[in-house]
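Two complexes come next, and they have one chain in common, chain A, joined by chain B in the first and chain C in the second.
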Partner chain A sequence: MDLLNLDLSGPQWGLVWPQLIVFLLAVVLVFADAFIPKHRSFEMLTGISIVGYLLALGALYWQHDKHAATFQGSFRADGLTVFLSLIILVAAIFSVLTSANYLKDYGERVPIGEYYILLAFSVLGALLVSSAGDLITIFVGIELTALATYVLTGYTKRNAQAVEGALKYFLLGIFASAILLYGMAWAYGLSGSTGLDNIRANVGAAVEGQEWFEASVLLALLLLIVGLGFKIAAVPFHMWTPDAYEGAPTPVTAYMSVIPKAAGFAAMIRLLVQGLGPLSEDWRWLIAVLAVLTMMLGNIVALSQRNLKRMLAYSSIAHTGYMMVGLAAYREGTGFGNDLENIIGTRGVSALLYYMLAYVFMNIGAFAVLTWIQARGRGVTLDDVSGLASTDPLPAAAMAVFMVSLMGIPPLIGFYAKYYVILAAMEADMLWLAIAVVLASGISAYFYLRVVAVMYFSSSDVTNTRSVRTPLLNASIILLVIGNLVLGLFSAGIVDLSEDWTNALTVAQTTDGADAAQVTNP
Partner chain B sequence: MPWETLIFFLVGALAILSALGMVAMNNPVHSAIFLVICFVQIAGIFVMLGAEYLAVIQIIVYTGAVMVLLLFVLMLVDMDDLPEFHTAEPLTRVIGTLLGVMLLIEVAIAIGTRTISGAPGTDTPEAVALVGGNTQAIGRVLYTKYLLPFEIISMVLTVGVLGAIVLALPERLGLEAGRRRDTISLGHPRGTDTVLPIESGAETANLSGRSNAQPAGVGRTLIMATDPDDQPVKVGGRRS
Partner chain C sequence: METFGDNWLIVGLMAIAALGMGLLLLGLNLLIGPSRPNKTKGDPYESGVPDVSPVKARFTPRFYMVAMLFVVFDIEAVFIFPWAVAFDALGRYGFLAMLVFLFLLLDGYIYAWKKGALEWV
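Presenting the complex of A and B:
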């Protein structure tokens, strides 16, 4: 396509249904919030949200075998889109279930409608990032997700910690966005296109035969990885994480530890694997070093935390590290001065995707139990959960499941997630990285098991609890526990599925074809 | 040296200097004015690149709308009321400076050694001239190739408006306890502008750790600016 011969064909709406449904959900919520009487708005809005996300989830089924692009290559409905959207929508449903009772409890002080609207827009942003075929779509998608999340972080605006966390998150977040945008500008300058497939074609051709790294390519990679490192909270760009996670309302923390992170990883996969895949021999070292730093620092600092939200914040940093190992294990083709013929590390991306799915169930679960405890007037420190097993045995058991799963003990999902990541690292000849994962998991055992030990073997000294009914929260905790117990058993199938789908991403290039083929060196 | 180059250096130098001034100034209003100068210079660079449309947009949107709004806000807020940001420790400053210089060097090397075989894409100056100028060219791609990002940006703006309203709107009427009264004003010393803890609720427990949310005016009675439909309230100590 060039300027004179514009492609004026309209978008194929059939490909965009899941994303369109979430957008319609946001619009419906705006109007519903305005017109539904206040005393009924909580039930209605929660119901509309859940139904909307379920419909989108259903619509994914029709998207899953399309493998096509529309919006002139800006939107791709390929395997990666479907798998990431699946993860994001499942996380969104659990976020709504987790938030609902909290909001009702808190509802006279915070507006309920806007919460669901912002949540829907944020989910939509993440969905659009995971289906992006273009640098600009990735960027605006990430901004959509992040902007809504900043507001949600400071949602309880009379809580000084929430305001502090939101401000830090916001300032560092926009700073990171600027860095990311600068990196994208370099990537565009080097390849002459914003389309990821064109970038792949041009960068691959441009570096062919180069003996040593090209300063401009390295700069682009550095800026992109730093910018996205902020979004996924990788060390050393994690400074905002503990404060933002601690200050935000607990259900929002559950949400923001998963969906913006999924969006960040989606952007990383799209940019680095799909766009800059030919340079994988160069960027994977950056990712690998960051992954080791992230795992180690996250787990070591988590050891000393007594506030469970802060502890889970550092634990979520550590899990970012494990996921980055999957990305670092991706290898293909020729980098500078390398002559690898075939893609040898395809398992990396699918391991990362499976880890993300597992992470949704483990992490939202842990925060859901914290929400449950908070709803009963307790705090979130280790002292507040001491002896929980004697007063509330079922939540304590659920928390134990989530902790053990986060740690990575066999029949649970967390074990399989780590197993595939380690396997991917070993297949990519990065044994040291695999060893680092095992070491980091070993360190993490201490603080995860400490929570379990405190719940079961200490006596309870918390007296001022109140009894409330939290049906939706209970349902979400039960579903998450089941997910943790069962999904691990089907891990082989899920990983194969994600592998098939991501191979479709890297091997079969876009079918919107003409666009990609036409960029030539004049 | 052709005059175009001279003008470019002049505009470029002014842009860099005003950007430096923007960072270095202590008074936010001065910073804002330096930023306006910087934006005008960048518009000049756009003109020299043949991108008149971007230059005009730069002036109208950034210099005109964004910066004027920013100045309005700055003038409305009492400077003494702004919170003081924690200034960095010497070590942090050194590391920050070093990293900045390293990035600058890296950029210089990248620009200096760019040997990659360039692929300028399809939007060459000739192609732009063929459709009648860059305004037309931008219009052509904005509504075809970049339609999806263009639509998403409208959602980003919606979220921005919504977020600003959610964060700035006082809490629902009829909740006296939850109302924040001490926003701006009437010559109270710094530190009165605090966030009072919520009376009860799930997040209260979090606050117990840090109790610096104490009004500076504890011990004496302050009359604060309130909402127009409200009686003045006395603040000081705990509110019942």
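Presenting the complex of A and C:
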């Protein structure tokens, strides 16, 4: 391909507005942090961040009915992009609201500006992954998200535990990236292209009748799943999770339990469903086995945790497992065409997407309440929340809502999320997987309800609390509680919407003329 | 589906071969490599750098700052040279793209400057 003959005026800038706005937000934040005087920086930077994310959220509206690709197919604006971006941007706004008071509190000791800058770049990375149509874009996006998150994990750099968590996260993260990249190299070598559409077409066409070829495809698949398994914290690649979650400042934990994970799942959907969808019979068993391992181990280990951050870390591992069930329920027929009739289980993908949305509200909520408690000088063990209901009834009630939602009790959002995942598993003839989800949820009831019981039925022995005002944090907790209560009731509409959008996932054709120039022969 | 197991077998064989290769090389090294340990070889820095030294030296090279500023300027050069060579072919769009790129580098540079990275101690 002659690079110089590319039509460089080709990109349709209209398609990339939401992502572009977040990028501009990051650039503006860098400038603002350099020029705004220190005593004003907290209010200004928080305001700029929230306005930026809200603008990007609004700009998604212009993307929502598109099925187009630009930048030679490496950027896709389709239903999946919009739904994932929606989840990520909502999570970003809640992250800002949750961390604002923490930052103001620690403002003397840690730099505020860098926090928002890193957050913006990390969000941008996640948005890039969710709109990726190309292996390179996926990798760059994943790395952008991860690198910023490593730094945020060790944000309180004088705290030995934070640095330990950050280092473990960093070392295992780059290790996983290397494996992921190796898998991408195999995928490229087999299909002769980094574009997901071309990979789909070439792998599908070549896989029939060539056994050596399929073996190397499986190797690529294995490497990709292992690499992404680290990013989403699936067992047995979860080792970094508890230490990183416990060491990081609590608002960062809230953020890193959601956005990098969303980026990982976005990459999985793009790579496995969109790129290697014809091989779904091969990869979905791997995903299903990993899902069962992940939810069982996550829930069982969480039983013995007395530190709530560690408990929520294992609980987030378990929730990774539930989400992977959605992916495992995706099935394509044996044909390698782009026919919609071949696809049996797109419900799996839409269940996964809805679960991710629910997970944002449940998990950020739980960590937001922990942040609230910590801001008042308490710790994060079970003893610290004991009797919370008698001293601070409202936060205790909010925590109870999040715990019950994480457990999956109707009419909260967590119930509907699990319901759709189980439904998808059953539609894909994987009854054992559905049963595993129910069993795992049963186990999880113990440690979620224990928090509620300790808050409501134990006496408080914490005395040295201090009173501070945390308006933004309170607002975010209230919004998250409302989300948990209300979004579940609209679940059918949301799931139908995401299903409509993801149905078009595999048939979305590129509109760029330049795509025809891509290599087609391996 | 009947070839399903065979294919995983091949993947497994590749893994075993990779593991075997590593073990083989390490094992051969152990078996036939001469081993004559002495005190110098056991030191953390075999190159002869003394591993205990007085801590009085006052010297602040500020490696991180230098490295990060180097990235700003080095990346600039890496991309500007090929752009300059292909300037005619890339045309006005290429020129604008380069301006945006330089603006972003400037953004990073101003940030470093304002944060006091250029004030040597």
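Keep this in mind: the second predicted complex is superposed on the first by the 488 of 522 C-alpha atoms of A that agree within 3 Å, B and C clash if a C-alpha of one lies under 4 Å from a C-alpha of the other, contacts with A are read in each partner's own complex, and residues count from 1 in each chain.
Just so we're on the same page, contacts are C-beta pairs under 8 Å (C-beta built on N, C-alpha and C of every residue); 3 or more make two chains touch, one makes a residue touch a chain.
Computed from a prediction, not measured in an experiment: that's the story for all the values here.
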Quiz item: Of the two partner chains, chain B (first) and chain C (second), which one does A:Asp461 touch, if any: first, second, both, or neither?
Solution: neither
Quiz item: Given the touch rule stated above, what does A:Ile136 touch, chain B (first), chain C (second), both, or neither?
Solution: first
Quiz item: Does the superposition put A:Ser191 against chain B (first), chain C (second), both, or neither?
Solution: first
Self-check item: Which of chain B and chain C A:Asp282 touches, first, second, both or neither
Solution: second
Exercise. In the overlay, answer first, second, both or neither for which of chain B and chain C A:Leu118 touches.
Key: first
Practice problem: Return first, second, both or neither, reflecting whether A:Leu222 touches chain B, chain C, both chains, or no partner chain. | Solution: both
Quiz item: Which of the two partners, first being chain B and second being chain C, lies in contact with A:Ala34: first, second, both, or neither?
Solution: second
Exercise. Identify which of chain B and chain C touches the larger number of residues of chain A.
Key: B
Practice problem: Classify the contacts of A:Ala148 with the two partner chains as first (chain B alone), second (chain C alone), both, or neither. | Solution: first
Quiz item: Can you list the residues of chain A that touch chain B in one structure and chain C in the other?
Solution: 4, 8, 214-215, 218-219, 222
Self-check item: Contacting residues of chain C [partner chain A, same complex]
Solution: 1, 3-4, 6-8, 10-11, 14, 86, 89-91, 93-94, 97, 104, 107-108, 110-111, 113-115
Quiz item: Residues of chain A touching chain B in their complex?
Solution: 1-4, 6-8, 11, 23, 26, 71-75, 102, 105-106, 108-111, 114, 117-118, 121-122, 124-125, 128, 134, 136-137, 139-141, 143-144, 147-148, 150-151, 154-163, 186, 190-193, 198, 202, 205-207, 214-219, 222, 246-247, 249-250, 374-375, 377-380, 384, 518-522
Quiz item: Where on chain B is chain A touching in the complex?
Solution: 106-107, 109-124, 127-128, 130-131, 137, 140-141, 144-149, 152-153, 155-156, 158-160, 162-163, 165-167, 169, 171-172, 175, 178, 180, 194-198, 201-203, 205-208, 210, 212-213
Self-check item: chain A residues within the chain C interface of the complex
Solution: 4, 8-9, 27, 30-31, 33-35, 211-212, 214-215, 218-219, 222, 281-282
